[in-house]
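Chain nomenclature is as follows: A, B, C, D, E, F, G and H, assigned in order of appearance, with residue numbering initiated at 1 for each chain independently.
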Amino acid sequence: LRAGKPEAVLAEFKTVDEVVEIAKKCVSEKRPVLFTRVTAEQSTALSELGLAINERARTARHMRLEEESGKVAIFAAGTSDIPVAEEAKETAEFLGMEVLRFYDVGVAGIHRLIEPLEVLSKEDVDSVIVVAGMEGALPSVVAGLVDLPVIAVPTSVGYGTSLKGFTALFSMLQSCSSGVAVVNIDNGFGAAVFAHLISKRVRKKRL
Amino acid sequence: LRAGKPEAVLAEFKTVDEVVEIAKKCVSEKRPVLFTRVTAEQSTALSELGLAINERARTARHMRLEEESGKVAIFAAGTSDIPVAEEAKETAEFLGMEVLRFYDVGVAGIHRLIEPLEVLSKEDVDSVIVVAGMEGALPSVVAGLVDLPVIAVPTSVGYGTSLKGFTALFSMLQSCSSGVAVVNIDNGFGAAVFAHLISKRVRKKRL
Amino acid sequence: LRAGKPEAVLAEFKTVDEVVEIAKKCVSEKRPVLFTRVTAEQSTALSELGLAINERARTARHMRLEEESGKVAIFAAGTSDIPVAEEAKETAEFLGMEVLRFYDVGVAGIHRLIEPLEVLSKEDVDSVIVVAGMEGALPSVVAGLVDLPVIAVPTSVGYGTSLKGFTALFSMLQSCSSGVAVVNIDNGFGAAVFAHLISKRVRKKRL
Amino acid sequence: LRAGKPEAVLAEFKTVDEVVEIAKKCVSEKRPVLFTRVTAEQSTALSELGLAINERARTARHMRLEEESGKVAIFAAGTSDIPVAEEAKETAEFLGMEVLRFYDVGVAGIHRLIEPLEVLSKEDVDSVIVVAGMEGALPSVVAGLVDLPVIAVPTSVGYGTSLKGFTALFSMLQSCSSGVAVVNIDNGFGAAVFAHLISKRVRKKRL
Amino acid sequence: LRAGKPEAVLAEFKTVDEVVEIAKKCVSEKRPVLFTRVTAEQSTALSELGLAINERARTARHMRLEEESGKVAIFAAGTSDIPVAEEAKETAEFLGMEVLRFYDVGVAGIHRLIEPLEVLSKEDVDSVIVVAGMEGALPSVVAGLVDLPVIAVPTSVGYGTSLKGFTALFSMLQSCSSGVAVVNIDNGFGAAVFAHLISKRVRKKRL
Amino acid sequence: LRAGKPEAVLAEFKTVDEVVEIAKKCVSEKRPVLFTRVTAEQSTALSELGLAINERARTARHMRLEEESGKVAIFAAGTSDIPVAEEAKETAEFLGMEVLRFYDVGVAGIHRLIEPLEVLSKEDVDSVIVVAGMEGALPSVVAGLVDLPVIAVPTSVGYGTSLKGFTALFSMLQSCSSGVAVVNIDNGFGAAVFAHLISKRVRKKRL
Amino acid sequence: LRAGKPEAVLAEFKTVDEVVEIAKKCVSEKRPVLFTRVTAEQSTALSELGLAINERARTARHMRLEEESGKVAIFAAGTSDIPVAEEAKETAEFLGMEVLRFYDVGVAGIHRLIEPLEVLSKEDVDSVIVVAGMEGALPSVVAGLVDLPVIAVPTSVGYGTSLKGFTALFSMLQSCSSGVAVVNIDNGFGAAVFAHLISKRVRKKRL
Amino acid sequence: LRAGKPEAVLAEFKTVDEVVEIAKKCVSEKRPVLFTRVTAEQSTALSELGLAINERARTARHMRLEEESGKVAIFAAGTSDIPVAEEAKETAEFLGMEVLRFYDVGVAGIHRLIEPLEVLSKEDVDSVIVVAGMEGALPSVVAGLVDLPVIAVPTSVGYGTSLKGFTALFSMLQSCSSGVAVVNIDNGFGAAVFAHLISKRVRKKRL
């Protein structure tokens, strides 16, 4: 049944050589590939092979897997959450999606949310990814205001009781607003794949 | 922006009187309402007011909030996971969805999954809810075989290292198959609301 | 240095007899006393001795310790958080404070916060107590909008990843809004004592 | 409602470039700014821009946000707790407060507390910040002796069962003396902001 | 090598019948025996067999194992810690020790410690048992003032961050005063056995 | 009773000198020895002494302890789990066992399991070692299909909710398929020793 | 591949009715069945249907699944561990195994182990099950003395730091003696099924 | 009351300069001092000042605090536990005690314990320190065989479920042998101070 699963490589647990080998093969065979959680050293090597690097996202990309597969909005609470939001953005684009970004809209300044939500209401978006660390409250607030599936991504940003992202994770799963589902800590990749599956289903219907 | 949020009452932390009062008001005003995590005593009282009880699901329902809002499949790994699966089913139906159920299809007997997946591939389903306790492996296996968003619901079934559902929760968030998002332990309600938001978006597009 | 420490009895770990004995002594000596976390059985016995019972708060009170010691606002996120908010209210009143209450103003419906905050801005309040369970996001939002010390009280309301209040506790300590300090889970009593110490200092200055 | 929120930058999760850019802007615009949790490398760069560095506090400061906003006392239990106490001191001074410091007054030598408490009783202090790691007992002892709000700051000092500060945090939240509220582990900054909000309220009243 | 190990029975995990059978045998054979963690039902049955019951301690005792084996002091922080302190007292007496008791001397009122410590300094005591729940700070304070081995017993008293005694346990193990060793949560029995082994060694030397 | 316990050295907590000394002694005395969890530096030194290095397994080996002691199959879920699988392989071979390897057969692509299981059914294998990280689901699936003891080895591969292998460990202990026993996280060595004890017993019987 | 999986029912999460229905069907069809973790009420009902009850084991059994399938030894550390040991014994016998029992042989009296180990060395046993709670040290000691696979079963016996069996579980997985594999807390059933798979393999070879 | 508390410095959280300054002062004033948890760099500096370094113990010592204050035995389970045992030894000697050492006597080879215990029974020892990591079973076994107070020191040795020493800690607190008290993980220093307090009391009596 399953098809079109993204060729994605979790680079973190691999050596530079292993990663380069996979990249070379994909380039020569003209197959699209996305590397996530790329180390600095891996990044340099992949850049030399011509892959498109997004440093903040820690990704390297060759080609796209699909085209015009839908639209997703990505919210990030703080500037420290941006790397994870960018991993989601890179993955979504690799999967052919158009991405709307609203960064630095955390709950400490709730008024900063108003404009993005107005923009959002006018766009043809299928789902919303919300990236937040620390107390992870943003998805609750967004889901309380928006009538779309909210995919929450907790980040490991914070210290002390942030527990490397577990507090944000547990908060999001406890969201008092219904309409939120959650992926692993720092997993921008997974959120985008999930958003893509929603859009794929929406698009199928539209056709 | 947000509209049509289900009128749902988490009965567990309320007294019988509080629950009865809400129910009476909805019945007299002809407003739809769904009670979840209903106690035995609450259940008896709500049944007398004419609400539709699903004992295994621990729900009580009055009317439906919407009609014909899409189709969802629900998988449950073991017989002990069925109450949570039924809470999802009741909620989905309250939200106007059609529900396909595949119960007792755990990973210990992987062959039992074949038929359900064949049925699934022929149905016009927008998303799949997978309910599992203990090691919580079923969503990974299903997401590896199906090209739809998988909403995983960990249950508190098990003993010892099940940690009242946390092991299943963490397994699901760690799923080696991408395309899985997760809701709180035993939160069949939340999974159905999320599935409904997906279907709502799909339906909007279709029209 | 320390003076005027409230005569308060944590009844939970005491027998009915022990509690009754303390109460009788205070009544006969005309000394003010507050009992918190009172069991149903203790409550009946204390009521018979003429103490003022607040059932939802699980408190029993005889006289007041001080008069006109200041004003505090108490916010509660959900209806299930009200018992803890009421414990704070009873304690604050026992300490001679005036209490403004704003209940059921959780972050899922952020608009419900607007009116209370407007009221608040016109009142001569020294500090704000915010009671919230589940994801515990309300103190962050309030502290982002108010220029007063916010005393956050996490509650044990919720299931699964609420971890009996630890998720709310950790969220609050992680608050991305500065200006929040936290007391123990369900400790409405401690929040009110702290608010009272602030008001005491304010009042001293005013005179 | 909220105003005068300190322009403070949590430097830890930012690059040297990002931090320098913010600092330059504030310097050229003559706007006060405080950097906390500054790395050694960031510190050097900020020092060259003329910011006032407190090495032990790991802070860099440009100007003050307010003047004469009140007085606070800071207690630190051990010498290893001093960096966190100094972060509180720097923040308080940035916010225009006068600071009384009493360091190395841990509970192992309870007699060392006597003199500081005598000094304290003669000063016009609005609140007390108590910084302690290991078993975190100092706030309980101080709050038992002082009639002011005690803001407790647990530190990550210790090994084994110190659990990187969680034991001190939980002890402080469990304090058998009422009148204690707590901020995040190592969060000297947050304690000072909270103390400032108290003093602000006191001062308002005084005027 | 080992001899004179107390015949002690942890009654909690046994049925009434099992406990009665052991008691009967000891009574008929005139062998000393101590039952700890006795349930209400077991207590009634053992009382009928003529055993000496200490209700607060939850113990039942038949005869003594030794005579005049030394002296120990027992401190308890709060009234809720007394049951555990009494278990220690009963065990110590069963082992032939003389017991000095100082109850309700918690750190919230540090002055209450002065008199007990003066008494202590004049008595021929071999070790000190300190029982405390909540933040478990008392052993640190005592060990800072006394030149004897301090055996700390954390109790499960408290709520929220007391974590059923783990916070007190971890605090005690973290004690900034050296000279403290710790036994399991609520384990008054173990503390007394340990104190007895110290006294035994002391007595041996004296002879 | 116990005999033939493998001379195996956990190198990780030892200095290069200590490890070299042991190796020299074994080489000169012609005694077999296996080093596990060898650091890069230790590896170089041991290689120079002529030991057989397996870099991925982080082992160094001199001779074999036994010969022809049976056959074991090793499954590994992902490529990142291979180092632990190789440690098991090296240990098994050191103990004289023949090893069948099936790597990269995780549950995300359940079809990849079919061929290995067919091969397995034709081989004279005494037990199966299954190495898996992340959600650790592979042992459940294998044990559901194979009629042999399954020894599960959780690995520390993953991030966020993998909890450094604890989620895989707890999942495996919760396996809904019976016939699974588990060793410590990353303990390929222990799994192979256990498999060897099974084979030893089988062989004894055969003779 | 898999065959002969025991028809075993985990009764704990089922109603009396559900359990009775399964039992009736097995009895009428003359199919063997084993119920584990049976409640008192279920036990009475199953007894009336003629099933063999083992109260301490909390099992109910109808017929045996196999005959003469091998021999296993079961050690239990304390008397409180016997229920779990008996669950293992009942399961093993249901699977046709002969069982040697050695109870109350904990590490506090290491000499009590000598005789059982001598008996063991003369018996034709394929594996050893060791059941222990509290510190869970017995499997390490046994595995250090016996040349057979040791299947360790941690029990939830104890209080405080026993953590409902997790300390015993983690101890056993950490065993400094190799040759130990572990099953879930209180899972005597799983240990016996695993022992049976070993014996099955041994027997196959023998034939 | 308290006197003769050892001048001991926990060097770990201090800079080289701070440590050198303290050492210089003690040397010039001829005051005894002990540094524990010394870093490599601190060690070199302190060595140059003439302090006695024990590298494995990570200590530096100047003079002794007392003379002939008693005798203590130290057991260590594995070679990796020796650094902590040596910290205890250095501290004990600094406090004037004579030390008997028995290393590498873990429970995996229980026979290795026999000789040490025979030696011990003939020596005039006041208490026994037992250092063990991994499953931490040694104190239980020793306390079951010896009639002296056993001070248990858990170490952070191990991986996976060793939880950096918490499993050993919890095991020791759970010891099924009574007569064991415990200090913090890796706290050889604290164990020796405690042993010294016992010996001090014994000696006082002897005189």
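We adopt the following convention: contacts are C-beta pairs under 8 Å (C-beta built on N, C-alpha and C of every residue); 3 or more make two chains touch, one makes a residue touch a chain.
Not measured: the values here are computed from a predicted model.
Student: Taking each chain's centre as the mean of its C-alpha atoms, give the chain farthest from chain A.
Tutor: E
Student: Contact counts by the stated rule: is the higher one at B-F or A-D?
Tutor: Counting C-beta pairs in contact, B-F comes out ahead.
Student: Between chain D and chain E, what is the separation of their C-alpha centroids in Å?
Tutor: 41
Student: Please tell me the distance, in whole Å, between the geometric centres of chain D and chain F computed from their C-alpha atoms.
Tutor: Taking the mean C-alpha position of each chain, the two centres sit 51 Å apart.
Student: Between chain E and chain H, what's the gap in Å when you average each chain's C-alpha atoms?
Tutor: 26
Student: Would you mind listing the residues of chain E that make contact with two or more other chains?
Tutor: Answer for chain E, listing residues that touch two or more other chains: 143-145, 160-161, 169, 173-174, 184-185, 187.
Student: Okay, what are all the chain pairs that touch?
Tutor: Chain pairs that touch: A-B, A-C, A-D, A-F, B-C, B-F, B-G, C-D, C-E, D-E, D-H, E-G, E-H, F-G, F-H, G-H.
Student: Mind pulling up the chain B residues that touch chain G in the complex?
Tutor: Going by the criterion above, the answer is residues 79-80, 157, 159-161.
Student: Please output the residues of chain E touching chain H within their complex, sorted ascending.
Tutor: Interface residues on chain E, with respect to chain H: 1-6, 8, 117, 120-121, 126-127, 143-149, 151, 169, 173-174, 178-185, 187, 189-191, 193-194, 197-198, 200-203, 205-206.
Student: Write out the stretch or stretches of chain C touching chain E in their complex.
Tutor: Going through chain C, the ones touching chain E are 10, 12-14, 37, 156, 165, 169, 184-187.
Student: Hey, which residues of chain F end up touching chain B in the complex?
Tutor: Contacts found on chain F: 77-78, 106-110, 134-137, 140-141, 143-145, 158, 160-163, 167, 169-177.
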